[in-house]
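Naming follows writing order (A, B, C, D, E, F, G, H and I), and every chain is counted from residue 1.
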């Protein structure tokens, strides 16, 4: 085939692994406040999935899958979301965890002390921040790898 | 000659680093851990999070994390800037 | 569209496997069901187009793998002949490690498989089983180039090298 | 039950060891790949099986989760390992490493 | 049936010992291919030790690390293999 | 209004970050929207910095403590409690540095609007600019060691990206690599030192560490790492070699911000020496280390500037030498803190006052040289000439900046250098003589630059140049205004902002600790 | 068996090795590798600082009954530091690519237009 | 406990060996490879030091992404270290 | 307000400026005593170069940057040779200086402890 991608075996396994790694990355981000992991780790895992796609399919893998503009926009959105979440608590102080233990719908549950199985809807702002950082990290690192591999990046037309 | 002097200086630095590290408190026995004990005890009641590390990363020391996100953002922007498409007059 | 849903459902199963035992609705809590569904849809949207390739001339689409019968066969294969062959392979390698008797070479096999998945399955099985290692694939014909640690025949048939695997792969993937 | 566990772990250690030794003893890339991939995959499989048995035998939500996660790790290992070795073998061949003492090399004819 | 975590530790120690061989191969390997083989073996061994150690520590959550490792060590290997093939252009 | 004052420290960091994150997105709407956003943010930051300074200097120098994510504790703490969250601690010195940063941020941003108008990558440029500003604010306001390191790294990466931003220039890439490598090295050593301190004392807050520090061998290793790493980041000779590369190769407005970045590292160095280690080191020894570094910096910087033929690099070496004056002033203050305190404060005042003067003058010079280089189309002084005929205002601004930096009365450079000379003379006359000599040589350097660039007959190259647009003139004019006002009324500024800042470092160790931990 | 301060020393040794690479090797990418080594050493050092003998990881999910937990702060710091390291490495390597594009070499002794 | 200590010591020694290999190799690709191995072992050490969070981060970043970036950079420049 | 006192010396820019203005006034007065017969465009504006004619240049002569201070730089050439040798522009040397200073600082600090 074209010289830009790896052998058919690698490609087939990549098809399978790509979704799996992404889902696992999402799992790591989602359960960041219960199990080891969190925004950075999950984001890095998802970014590795993008890197895997890139190496297995070559730059052809980018088509319809990873768009640099989108990646950059999502990254900025993630960063802004993180900052915005931090701003939420400015009534008390910057980074004040507004939702923790509030009993509200959004991650307001309390957790029992000591060893337990974990409550997914607890943690207040922490899971939301996990997601913001996760979005940021996955798209940011993916953008770096893509740009370094593919080369020139079209800046905004001024 | 210069290389020899440099090597001596390097050895000095390395020796001091190793000395300074070896002179520390013994491994596995942190002496003053008031802050960390606070984190461990209060991660669940205060932040409602099971993972104390996440509690530290996103709540107690959340600002560091914002800084870290900024660092990554800066690196991404820097790399994108380096590989950006240039105008005609800038080639 | 089909690819999207299939990927999402697969991802959902995987997610449920990961979070097994978190609650009381079957074995999962409500939050896990919801978050799993949402995340799976996202994964389907992202990975759906990659997970299944389009039909090309001469090759068949991998959407045919959706048949659950094939999965069952796959499982049977994995636990039955595959494990046994793997055990044999390891004893074989152990023997060669200890004695150092090798007669290597690269031979060409024509298994006649026409799906990507079948080729991959066969190649990976070959890699993990006695004395053989897939080095390269001819993508036009699906022929495998196999490094054989103990060459008995310079131009062997597929069955001679990898036994019943070709049949199994055909049964599962074709 | 615990005998089974010991046996599984023992097989795991044995084969991983064989893989490591094969890595040192064999003469070229391809034969080393043979030893390394097969033996370590097989050894890790049995080690993981041991842990799975341990998990299910202990029972309880916690240990069931342990076993299931180990199964997932095992699947990942089983999928990636042979693919990785195939990629390495192909890369090694394309980078010009010919199999040492080869009786026959059909790949050479093709290219 | 409760076995001593010690058994798991001993198994892990054996694996750590085997890691030495793969490092030896990384050091000796005449070609880069050999080194990659060493790295691949090392990956598998480390994943196996992580699984065993997770059981030894009685920590369920630790297995996630092993999963991630099993999934991702593949990526690094592929990049190096891709380079050796002459790709990545 | 009080709420705004209360949150001013965090807003100073958060607003530029907001701008940095939003700029690439807003930039998609168009340049006008982007520039409006940045202008608003920079103005708000300047206002907040001024408000913070008024608050801190008005309250008589009691440090303000801001707890991020707080609510658990009230400050100062009592009875063996320790802070568990990141604290921002703003004393006189921090507020002073905030003023400097705000000044350069304001002028630099408005200068950049015109300067970078016809270049590619404007959005990324302003994003990096704002991140650099935010990093510098974070460095000077934070009260937490690791937080300090994080902001140090933000400035490092943003600065290095800016240095290499003009991709088409060969030297720019070289400088970018060098600067990034050296910054990373210094950052990693600082992190190692922070790790050592954390391992010993189990805490990261500067006040808590300052109270518990003992001065063992490990502490000394940590101090050495911190001192050298931060001195390198500030550009002290003989670890200055990245500095001319960085200042010289970055776009002109960024050079000014890079100088402020260096000053922020210097601030960190002073904070660590005075507040963190103040009681457990031999101040004389460390003071003399600083003085030796300072003398080397002054002399080598100025002499190397004399032989440059690249305008930007010449100014860059001048800027390096000015770092030496700050080090000299504070070093003298440190050396005599225990023995002869009567003129230590004067030296500190001089060194600290020189920071703001240096920022204004060097910023002006970098802006002007950027304009000149853009107009002349070359950076080589030997190919310039006669620009003054058509660029009257630029040449006047350049001249004012040059003489002010060289310490010619009645401009601000002289006011601060005067204090340094006096105090250094008391400690050791040799120091003062060398400082004065170097100052004179600096004047010579700028005479050379001025003569080569602006004077001389009209030539073909200078025929089509003209003064830049108003967008570039106004920021320069603002800096000139600062230079003149600070030069004409030094007493006012020394009394009201410099002395509290100097006292915060020099005598404020206990106040700094007590603001967090209580008496 | 008491292993003393060996982990600290190993971390410092990694730092020294990285510094050696940075000082005495000549290839720009090798220099970056040296920086990565220093960074790995620092990370390892930070994590070892937080270890308590016999402690378990500070995660309450399915935690075994234990006496004490290791300190969480160094782990949080190390996370930050690892991501910072990745950012630095990416930027440095991009610069190295551009230096090679402009100069045609990666030899640190030949990349010296900015001297004097 | 003793086995645990031995495990620590072995892994630490292996880390140093891996790092030394990374420094020693002239071929940059091998060097990166050894770096990946060292990073892997560091991750194992984090794991044993009860820091799974950091181990995940180091695994994802050290094993996959850093290697990827290095390999790309080497492809864009030159593979051998000049003498 | 504008005065600056160091405890041993005083600096007042306003006074200085007044003095400057005074000097300016005096110099203008002195200037007004000058020769009233000076005229532009006559031989009086010619530069006196040992009685020779001024060399002709097309549009004036420009003293370039490197022409200044060559004497001083030449006089300091021993110093400059050494300092220039420091600034090699090689990254390893940058780091070498850093490590050297670091070692020195370590020694000094530990000795002074």
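Note that in this section contacts are C-beta pairs under 8 Å (C-beta built on N, C-alpha and C of every residue); 3 or more make two chains touch, one makes a residue touch a chain.
On a predicted model such as this, the values are computed, not experimentally measured, just so you know.
Relative to chain D, the most remote chain by averaged C-alpha coordinates is I. Averaging C-alpha coordinates per chain and comparing to chain C, the farthest chain turns out to be I. Between G-I and A-F, more contacting C-beta pairs join the chains of A-F. Chain C and chain E have CA centres that are 22 Å apart.
Separating the centre of chain G from that of chain H, both taken as means of CA atoms, is a distance of 10 Å. Averaged Cα coordinates give chain D a centre that lies 30 Å from the centre of chain G. Annotation: 15 Å between the Cα-based centres of chain C and chain D.
For chain D, residues that reach two or more other chains under the stated contact definition are 21, 28, 33, 37, 41, 61-62, 65, 69, 72, 76, 79-81, 83, 85-87, 90.
Among all residues of chain B, those that touch two or more other chains are 6, 10, 13, 16-17, 20-21, 24, 30, 33, 35-36, 39, 44, 46, 50-51, 53-55, 57, 59, 61-68, 70-76, 78-80, 82-85. Shown for chain H are the residues in touch with two or more other chains, namely 6, 32, 50-53, 55-57, 60-61, 64-65, 68-69, 72-74, 76.
Partner chain A is touched in their complex by these residues of chain H: 52-53, 55-57, 60-61, 64-65, 68-69, 72-73, 76. Listing the residues of chain H that touch chain E in their complex gives 3-4, 6-7, 10-11, 14, 17-18, 21, 27, 29-30, 32-34, 36-37, 40-41, 43-44, 47-48, 50, 52, 55-56, 59-60, 63-64, 67-68, 71-72, 74-75.
By the touch criterion stated above, chain D contacts chain C in their complex at residues 15, 18, 21-22, 25-28, 30-31, 33-35, 37-39, 41-42, 45, 61, 64-65, 68-69, 72, 79, 81-83, 85-86, 89-90, 93, 99-108, 110.
Residue ranges on chain F touching chain A, taken from their complex, read 7, 10, 14, 17-18, 21-22, 24-25, 27-28, 31, 66-71, 120-124.
Against chain B, in their complex, chain F makes its touches with residues 17, 20-21, 24, 68-69, 72, 82, 84-86, 119-121, 124-125, 127-128, 131, 134-135, 138, 146-147, 150-151, 153-154, 157-158, 160-161, 164-168, 192, 196, 199-204, 212, 216-218, 220-222, 224.
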